[in-house]
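Pasting the structures in now, so scroll down.
What follows is a pair of complexes built around chain A, which joins chain B in one and chain C in the other.
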Partner chain A sequence: MIQTIEELREYLYKGLQLEHATLPPYLTALYSLHPGKNSDARHVIRVVAVEEMLHLTLVANVLNAVGGTPNLTKRGFVPNYPTRLPAGPDDFEVHLRPFSPEALATFLRIEKPAQAASEEDRFVPMDWATLGLTSNGSAPSPDELAELEESGTVLGLVPGDPTQRFSSIGEFYEEIIRGINHLEDQARKVGKTIFTGNPAHQVTPEYFYSGGGDVIKVTGRDTAVAALTLVAEQGEGLHGAIFDNQDEIAHYYRFQQLEMGKYYQKGDEPGDPSGPDLHVDWSAVYPVKPDIKLKHLEGDPEILAAAKEFNQSYAAFLTDINLAYNGQPDLLLKAVWEMFRIRDSMNRLIRNPLTGQSGENAGPTFELWPSKEETP
Partner chain B sequence: MTQGPTADEKLREFVKFSAAVTGFSEFDLWGTGQAEAYYETVVNQVGPDAIQNAISSDPSVVPADPVVQSIIKLWYVGVWYGPELAGRVDVAAWTAPGRSGAKPAVSDDSQPEESWNRQAVPGQHQAGESGAYAEDGRKALFVVSSEAYTEGLLWRAIGAHPSGAKAPGYGSWVNPPAFENYQKEQV
Partner chain C sequence: MTSYDDAEQIIFPAGAATQTSAAEAAKGEWDAVIVGGGMAGSIVAEQLSQAGYKVLILEAGPGKDLDLAEYESYLSRFYGAVVKDNQSPYPFNPNARMPRSTDTMPVHPDTPRDDFYLVQEDKYCTDTTFTRVLGGTSMHWEGKALRMLPEDFDLQTKYGQGLNWPLSYDDLEPYYRQAEAELGVAAEVEDQTYLGMHFPKGYVFPMHRMPPSYLDQTVARGVDGMRVNLADDDYTLQVRSFPQARNGVPNAAYDGGKGFVPVGAVSTSQAEEGERCQGNTNCVPICPVQAKYHAGKTLAKALRKGNVKIVTQAVASKVEINDLDRRVTGITIKNYHSLDSDSYETYTVKGTVYILCAHAIENARIMLASDMQRMSRSKLIGCNLMDHAYLLSWGLLPKPAGTMRGTTCTSGITDLRGGRFRVTQAGFGVDIHNDGWGWATGSPYTDLVELVDKRGLRGPELRRTLGDQISRQLLLAFMIDLLPDRSNTVTVDDRYKDAIGNLKPVVSLKIPPYTMRGAAFARKLATDIFEKLGAEDKTHYDEKSYSAVEYDGQWYNILGGNHLAGTHIMGTDPTNSVVDHTQQSWDHDNLYLVGPGSLPSIGTSNISLTMAALAFRSSIHIARYLRAAKAPVTVGS
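The block that comes next holds the complex of A and B.
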């Protein structure tokens, strides 16, 4: 249970990291689609990616509201892919890879509704041996744990106790909502509130257009819970429902449509969409090398230069978003221009075949803080 | 028995040559996503031998081989101008500033208009094509695909974007055109 405001802020920072971490895999798959093809898949992935950007902003609003300071520029904020996400008793790897049945299966797991059966099931001890992180299954050293927690190698760890993780992302947000309620109850008993943040740091709807739903200005308990509930609902669905109260389809069911080749319509039961047919052409995809790193590009100096430039511009983009989340929300409008440039840069990388590795294409590496030995 | 270059090698050779004559890097050319479509277009229109001749010609010679001119235009505007159109006054006028492809700005009395389409053709359902095709299936003038237009090098060359596509974001017009510079040392 979250006991202090500092813990709550740490949870919310991890929430920012988590929401952002879905973007590189979604965008890599999105831009791997051949231009002019796969319009159904393009639309579905794009909508989900845009809503993840809304979620990032909503979590930033909650963090600002409780007097925290969003930091998207901290080392390790962007994971070194693959990263791991929780799925009940198991966890699974999330790769940067082209659109494919495997990628879609991963997306479904990312968004899968997963409410724990009981209170005890909400937390799962980490299995270090299976992860290959320690040979005998014991926890890594405290230093290694700290590094692991910061790096985003494993997402969904319990902040402050990384020997355990949440059984699902939904449970992670459930814990935050409980923490907010608990801390706010405590504060109110002595005539105070935890919502002491500067209201000018809230990102409000006029700064967030066409962004997959309305951004919520967080000023107190109700709006905080509403913002976090929206994050959970858009992903997994509200109590497993396909449509939310605004007739938006939850991400899980959006992706399921691609798997089943049919759209959902109102009145459908989960797993049984009855809307129009939908077509996926698995072959109209650039074969992006999975989890590509700068070190794979040594034989292609032009691609390497562009990949490095992409990483720099992505870092600069996160810096701008971060300023927007820290009192200059109007910068979000300019960040949209950067997003378009990022899209174009990703497209160029993904359309370039690698030499000497027949059948594989380049892609963005998202190595924002490469260690020395990884830099060619 | 010696093996000739594979299809992949031929495509790479085409892109390498195209980089030399367009002034853009191979990375940028692949980045358009049009390399395969353009190579196929040139092969279909002038045949593999003509490409080979063009590639082995000296790129510094002026005027260049008409096929080379066609290849350069293809990358810049996404439109195939057959080498038979080289030097045509009406085509030059059509592509002059202020004209973007509707109709020739000045009529060309030297040839009847339908002769364009008569030389033309083939193939694949090109957007907006009309008129008769030549018996050999060639076509003198067509937009390769809807993506070819938006991927034309000319937009990057002038630091702009194709009208109606690849929008750079609401309000971004407040910025001056952005010229990219990481390939400036090349050619």
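The block that comes next holds the complex of A and C.
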């Protein structure tokens, strides 16, 4: 439970980590599609990925508004894939893998609407045995817990109490909104506010756009709640509806279109899209080796070099985005061409077969801070 | 809260372009029959749709849904094409052919029919083009959206050259703003306030200007402040941003602070792409993300109410006319079955008013093929063909200047678009091409061939040399005014027919000395600019080319601008023009000719924005015509 401003900021940092964590899996699937094929899938995944970047920016705006400092360059900010995400009573693994029915099933789970029955059900004790982290189900040692909390390998852990996790991402944001309301009520009683951040650090619409909604400048409680509601709604839909309040199809339903072979249009009921047909060619995909690591590339020095280069350029990209979130929003314009560079270097990996691995291709590893033993 | 709150999603209704067959269309009675689904036709259709009229669009080219899949099929054909000319994204279509720059050559009646579309029998041949697919030439245009200068509207009075318009800049100004909203123009008023161009107080363009490229800034360091003397007047040059119909950062001050929502890609589902230009450099012919305006964006809006229908693969072959009252009674179309077969059916579609929006050459061709010149009091159908005359100059800069980054063209020199020198020589605008020497030499492909085949480079050295060479390329394109001249014509000739028996357009365009004086001056200016920049001049003109023009003992290559205009010019009376200021035919009451063919002069602005402004203006008159035509007749006692 959020009781202090420091806790709120910690939660929002976790929000940044969570929003970003979906990007590597989405981008890997997106760029695994053969060029010129699978146009429908390409656009569906692309739009969702762009909106995840919007969410990242919205959470950064809220964090800045409450006087926090976004930090996307902290060790462990990018998970070591596979990462785990909460889904009600269970959690599930999110892999870096090519576009496939399994990948789509994961994407649907990531975005699936899941509301807890009550505020008490918001938190679920961690099941360490299922995770395979301890054999008897007891919590890992405090050191291991601290590392786990930092690393983003298990997402949705309760900040400050990693023996519990949120039942869903939606509930995680509900808790943040509750915390904001609680802290702002308390602050106002003594004539203060929690929105003490530097307004110049807000990212405004001239610096960032996505087809699916505008950046919201966060200056107080209403705009903070609007920003976080948009983040939650664009994923799973407004109270489970297909369209959010900006008439955008929620991510869950966007992905469902690929499963059902039809587009949604206005007036449709969930599960029954009636728009134009769409087509998925599961075979027009590069066979990227799932959850590939640098250590798998020992036999391919050129690919290894390209994979390291990719990780460096991705780290540089996060560094720039981080500067943009810390008072230099115009750096987001520069990030446009950096994203082209990221795309090109991902393609370079994804389109290259690995030596001695029957039929598997390379891919981006997203190991931004590999330890010595992980680096061949 | 945000500007997106009240923005309507623009979705192209699935199957809208195929749901009405030609046979059904011929059974119906339409308020308006529009020939051509390009920029002008789409604007008129959308405006008449708003006014509640039943509209049929006849499109000669193919086109199904204008969804992303169709657009991307164009894109992938472009990517795969060896020669990336303006028509390279579009399939070869013998039934509604389009001119291709690669087909340019003098022809005679024995030339194989499939080798060409535009018939040019002269020694000088223009490589100009226009595009015949749903969306028209907006499917290959660059997206520059300049207004004409106030002085362009009365060139004859001011400088004793060309023709006056029956309209002034101020008459057209509100419609320019309407066109700038529809096309989504990115520019700043302070950049565009020059040579008399003016804007209402407080006006801002829908979006902020495209950022000037690094190449622009490099050129500006040499050009800004350069002085030239022309006809006893001094002109100071500067590099200036061009207004463009491509999505940039919206101007929050637009429309009294309401802001502007850029229209991105259109499709049959939520596409959400192209709301901002990404700086790809292949704007011509096709923007990969639809950040550049094309008529499909307007067409998608026109189709929303359901009172606009489209029939594609329907080539207008004849305008049917009642000889007694000279009213148009129908448009006869040849509806071909596919691009691979020459079989077709013939239908005649009927409406209250008919609007030809098939671009300058096709509008004239259809009318001449319908023998309408015999009824024309001015005899000017097909006359006064105009196009900008392009002269290229190219050089190699001393240092890499970032060529190949940014959109095709972001800035240029506009100071010599107008001035008293126009008494004796043509004005021109100068484009700084961000895409290198491609237009002049076929770069970068030719660079690669040269480095590999002639210089034997490979590996890292090849990559380094190629990168260095291309990023230093500077191409200046001089867009030179070409005045209306009665002897520059589109005609038809029974000896030249296409695959389904329609007459091909016969074009005769000569580059007059007035324009060549401008070209010679432009060439001199290019060498001065290159010298200022320390660039090595690589320009060479080929006197054996069909584009070669000799002037004052020198040979130049004058290329087509794809800004075809003037084949049914507007004027003040039926003897000096084909249409009046509303683009209504002087000779046929229920016929409007809407498009660049109505322009009595083109000055030095790319024609689309002016054509779009005129289309908005004419739509009001056409709606007024329909209102009167359809009003219940009161019979007096």
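Points worth noting:
In this section, the second predicted complex is superposed on the first by the 372 of 376 C-alpha atoms of A that agree within 3 Å, B and C clash if a C-alpha of one lies under 4 Å from a C-alpha of the other, contacts with A are read in each partner's own complex, and residues count from 1 in each chain.
In this section, a residue touches a chain if its C-beta (ideal position, glycine included) is under 8 Å from a C-beta of that chain, and two chains touch if they have at least 3 such contacts.
Everything numeric in this text was worked out from a predicted model, so none of it was measured.
Superimposing the complexes on chain A yields a three-chain arrangement in which chain B and chain C clash.
In the superposed model, A:263 lies in contact with chain C only, and not with chain B. In the superposed model, A:206 makes contact with chain C only, not with chain B. Contacts of A:6 after superposition on the shared chain: neither chain B nor chain C is touched.
With both structures placed on the common chain, the touch criterion links A:246 to chain C but leaves chain B unconnected. Touched residues of chain A were counted for both chain B and chain C, and C has more of them.
Of the two partner chains, chain B is the only one touched by A:353; chain C is not. Contacts of A:34 after superposition: chain B is touched, whereas chain C is not reached. Of the two partner chains placed by superposition, only chain B is touched by A:341; chain C is not. Once the two complexes are overlaid on the shared chain, A:305 sits against chain B while remaining clear of chain C.
Shared interface residues of chain A, touching chain B in one complex and chain C in the other, are 36, 209, 336-337, 340. On the side of chain A, the complex with chain C involves touching residues 36, 39-40, 43, 46-47, 50, 205-206, 209-214, 216, 226, 246-249, 257, 263-265, 275-276, 278, 336-337, 340.
Touching chain A in their complex are the following residues of chain B: 8, 12, 25-28, 30-33, 145-147, 151, 166-172, 175, 182-183. Taken together, the chain C residues at the contact with chain A in this complex read 1-5, 9, 11, 14, 65, 67-69, 72, 76, 79, 249-250, 252, 264, 268-273, 275-276, 278-279.
Residues of chain A touching chain B in their complex: 34-36, 209, 302-303, 305-306, 309, 333, 336-337, 339-341, 344, 347-349, 351-353, 355, 358.
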